[in-house]
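Quick heads-up: structures coming right below.
After this come two complexes, each holding chain A, first together with chain B and then together with chain C.
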Partner chain A sequence: MHPERRTFIRKRALIPAIYIIFLMLPIYWLVTMSFKTTNEILGGFTPWPVNFTLANYVKIFTDSTWYSGYINSLTFVIANTILSVVVALPAAYAFSRYRFLGDKHLFFWLLTNRMAPPAVFALPFLQLYSAVGLFDTPWAVALAHTLFNVPLAVWILEGFMSGVPKELDETAYVDGYPFWRFFLKIFIPTIAAGIGVACFFCFMFSWVELLLAKTLTSVAAKPIVATMTRTASTSGYELGLLAAAGTLTIVPGAFVIYFVRNYIAKGFALGRV
Partner chain B sequence: MTLELRQVTKSVGGSVHIHETNLTLEEGTFNVLLGTTLAGKTTLMQLMAGLDKPSSGEIRFRDRNVTGVAVQKRNVSMVYQQFINYPHLTVYENIASPLRVIGMDGVKIKERVGKVAELLRLTPMLQRKPAELSGGQQQRTAIARALVKDSDIILLDEPLANLDYKLREELRDELPRLFHDRHCIVAYATTEPAEALLFGGNTATLHEGRVTQFGPTAEIYRQPADLLSAQVFSDPPINTAPVTKANGRIQLDDGTSWPTPPAMANAPDGPYTLAIRAHHITPFPQNGSAVNVDGRVLVTELSGSESVLHFDRGGRTWISQSHGIHPYEVGRTAKLYVDVDRSFLFGQDGRLVGGVSGGRV
Partner chain C sequence: MYKQLNQKAWFLVAPVVALVAFNAIIPLMTVVNFSVQETFGDNVFFWAGVDWFEQVLHSSRFHDALLRQILFTAIILLIEVPLGLIVALAMPRKGPWVSVCLVTMALPLLIPWNVVGAMWNIFALPEIGLMGKGLRSLGFDFNYTRQPLTAWFTVVLMDVWHWTSLVVLLCYAGLVSIPNDYYQAAKIDGASAWSVFRYIQLPKLKRVLTIAILLRFMDSFMIYTEVVVLTGGGPGNSTTFLSIDLVKMALGQFDLGPAAAMSLIYFLIILLLSWLFYTVMTRNEAR
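== the complex of A and B ==
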């Protein structure tokens, strides 16, 4: 290759490299902090752990005030994901297959629910759930998050469903499938990719949402994001511990992304997501 | 055993999709629904299948009113223009699905699927998924699924339209054989007059949601009841021109005239519409009574064995189709002959008043 051309390519590769370093830096910093002691973190600038320690992780996995946060979070996140997608499936089917009075307005109205900041709903939810005895349970958060996740799931699924020709439905009816049997045995497997994408987005929203999760719980169902906002305790600053908790919080999201990455690409191709 | 549509209409949100239709399809017949896109072929099929309810009228099967009966209980099969298969199931399971629904036992299913797969040459593909098949094989799978159960009615909605030329020819030859010894009613929708002629059987010509004529295919081709049926059942489009019949002669508006052919002799004098199929206008006279019509050449389409010539005649575009290659220069005047014995004469109301009967068309 011509030397000039080679330097050009090297120069061009520099830009994305810088961009990626820029993106990864905070994550790197978080991970290195998690292996440092709090004293080292506060003591001065060290680009990597001088006194490498796993104590922060040990603490999280042994102290129930920490690890129960993960369990609580996963409980309401999974409950919310299942609830949202199960409710959204028939709704999305109706929007994609039937024309009815005000269907487009209803679809838009559903989406507007997502546009409201969660803070708007914090107070009414708190009051309502306290009244019916749901306060400080994983269900409180799971139900509250459906307000945002059901519209999102309906929107994503509707896109995938509209990509399936309605002749598929008709063929199944002609073959003799009653509606629900067709829906469960033929239609749901056909849009499996869409369900994967919808689950992913519901999971991620519910996992990172802080305000409602924090407001609607106190002790028994406290989610990890709420635990992490506690920067100081009786033993002073615990920055290393917080960094370890943060690192662990990224892990489930990374896992889920790894599994649905192909589906998400498909979702982009279909014009949704 | 018949399927009968009695005064069936269908309108959606104020626009009429099917005007009042009466149609009776007999057991063991092959019925072609011929019409352009949006003529109402698919709507009519959906009404026949029970996928859609008519706005008014009655659908009867074996002398029983089935208008409100759900499609699942009608024992019909349908094949669409798009290749519709269940993407997550293997070809075997796709074909077996109508039998699985009725709870047939596995051994019997295996036997039936094996038989129909053999018939459609799908045996080596049975364990594949539809996405791994060619378009022709995908459509074969859909046809196999339609044939695997003993349906009373099989509806084929332009099943060959999305296939490439070669595969279309191949499947077109196979189709009649597939239905040969079945006692079902077959309805086949197509936009191509050539397909209707090839399949024979009966043809219903459709135009803008109306069945203009229904009967044996050859009869409709030879003796279209009205101008619309003739236009639907003609490719290239049938040539038309206003004419006057007087004193035993037929005269075009440009003055060209010829003695009234015997088949039109009974029509009273007056204004009519003359219709001539493209292959009855040729560069050479086809018989002694051929009439010379010249025109300015607009477009020539030469395919391997025939020439299609669009020419202008007094502001009206006519089309000639003839065997052999006849190179014409665009803009020049071409000498052409109309076989007037094989032309049709339609009254002002569009009804056929005279024209070819029997013989070669």
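== the complex of A and C ==
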């Protein structure tokens, strides 16, 4: 390769490199904090753990108020992801293949719910889910998060489905496939990548949300994010414990990213660029 | 693509409509109900008409929060969109580094929002945080818990850290979808890097950029958790954005009437601006 061109490429790589370092610095600090004792944290500035300790992690894995938070969170996130994608699949198919009365308006109305600030819905949701007897269950949070995840899933899946040629459907119908058999046996495997991307986004937005998850639960179904905010406010400044809990919330996200990394680029374009 | 007219398609969208309607219409009607009534507790309500709306629209508290919100969103869009575009353009297109870049850049997007706030809290603490201590040892008088200006700086930096990757990944997805023939043709014509960007990449990125701006606009306008955990809306009210003010009013003080009126005004502002983006977007597609 031409030497000039090589230095150009090296210079160009600086930009993503600096950006990634910027992204990693706060994460490094969080992880570092989680291995420090409270005394060391409050005692002064140390760039890495001097008295390395695992006590913060031991506390989280042995105290049920902590680890049950992770179980509760994962329960409603998984329930929400499955529910959102399952109801969004036929709807996205309808939007991508057919015209029907009010289709454009309906699509826009669905998207408006992605624009609704959770702060607006926090109090009405509390009353609604108390009235139907779901308050303080993972189901309440799973259902509430469909407010913004279902529109998103429909949007992403519609994009992917529009990229599949219509001839596929027509051939299957000519061959005598009834709709549901075609949909389950042929169409869903065809857009498997799109379903993966939709699941990724639903998982992501349900996992990171705090306001509704906290409002709709009190004791039995308390998600980890709520446990963290309550610890921060009630028991003063247990920064090490908070940092350890925070570090552990990054782990499921990192796993999910690793599994879908080859689809991320395409998925972020929402299927049709 | 030509679409067939088929009214039976309604059966396919019915589950979605039922689910979203349960979650959206019933709560929204509750909000509308509260916004036009006055209560002194015990479930006794009086008709209040548009009083609450007038009160909210004339209150300086709402004006200030709205102003702060617009300023914040404008700053965020002006930093994150160009920065995201630059990083995406500089990213490698093939090879082992692509995966490394994608995975590390996507990481901030999957961290719970309160953890983002807590992480930046301990990162920026003036005496024991890496950033706070670092800035202070460089001679800056940095204390985000006391000074409004440094609090703003920290909140903006946190949001740039948290969300620029979304713009990067969207733009990157747009860039890799440009067929190689375009670049070949530009090379034969001897086009400069700038004209490749201006006449090939930018037009092709129009759609993903619209999505990026739309998503960043909506989400920064609704920002709540990260800022509450980081600064609590302070010092004073200097970082109290619309959602924070609303939650304070509705869940903190139980001022249901004004809170509901403010919710509706807030929602309408987002809807109106998003509708503008949406029409621009679909108009571009139709062309």
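Operating definition for what follows: the second predicted complex is superposed on the first by the 245 of 273 C-alpha atoms of A that agree within 3 Å, B and C clash if a C-alpha of one lies under 4 Å from a C-alpha of the other, contacts with A are read in each partner's own complex, and residues count from 1 in each chain.
Convention: a residue touches a chain if its C-beta (ideal position, glycine included) is under 8 Å from a C-beta of that chain, and two chains touch if they have at least 3 such contacts.
Please read all numbers here as calculations on a predicted model, not as lab measurements.
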item	value
Superposed partners chain B and chain C on chain A - clash or fit	fit
Which superposed partner A:112 touches (first chain B, second chain C, both, neither)	second
Partner with the higher number of touched chain A residues, chain C or chain B	C
First (chain B), second (chain C), both or neither touched by A:29	second
Contacts of A:180 with chain B and chain C, given as first, second, both or neither	neither
Chain B versus chain C as contact partner of A:13, first or second or both or neither	second
Touched partner set for A:48, first chain B, second chain C, both or neither	neither
Superposed arrangement, angle subtended at the Cα centre of chain A by chain B and chain C, nearest 10 degrees	90
Touched partner set for A:190, first chain B, second chain C, both or neither	first
First, second, both or neither for A:171, with chain B first and chain C second	first
Minimum distance between Cα atoms of chain B and chain C in the superposition (Å)	8
Shared chain A contacts, counted only where both chain B and chain C touch the same residue	none
Residues of chain B defined as touching chain A within the complex	46, 49, 51, 70-72, 76-78, 80, 82, 84, 86-88, 97-98, 101-102, 142, 145
For the chain C and chain A complex, residues of the former touching the latter	1, 3-10, 12-13, 15-17, 19-20, 22-24, 26-28, 30-31, 86-87, 90-92, 97, 99, 101-115, 118-120, 122-123, 127-131, 133, 161, 164-166, 168-170, 172-174, 176-177, 204, 207-208, 211, 218, 221-222, 224-225, 229, 242-243, 246-247, 250-251, 256, 259, 263, 266-267, 270-271, 274-275, 278
Residues of chain A that touch chain C when the two form their complex	12-16, 19-20, 22-30, 33, 41-42, 44-45, 47, 83, 87-88, 90-91, 93-95, 97-101, 103, 106, 108, 110-125, 127-128, 143-144, 146-147, 150-151, 154, 162, 166, 204, 207-211, 215, 224-225, 228-229, 232, 239, 242-243, 246, 249-250, 252-254, 256-258, 261-262, 264-270, 273
Footprint of chain B on chain A - complex, ascending	165, 167-168, 170-178, 181, 186, 189-190, 192
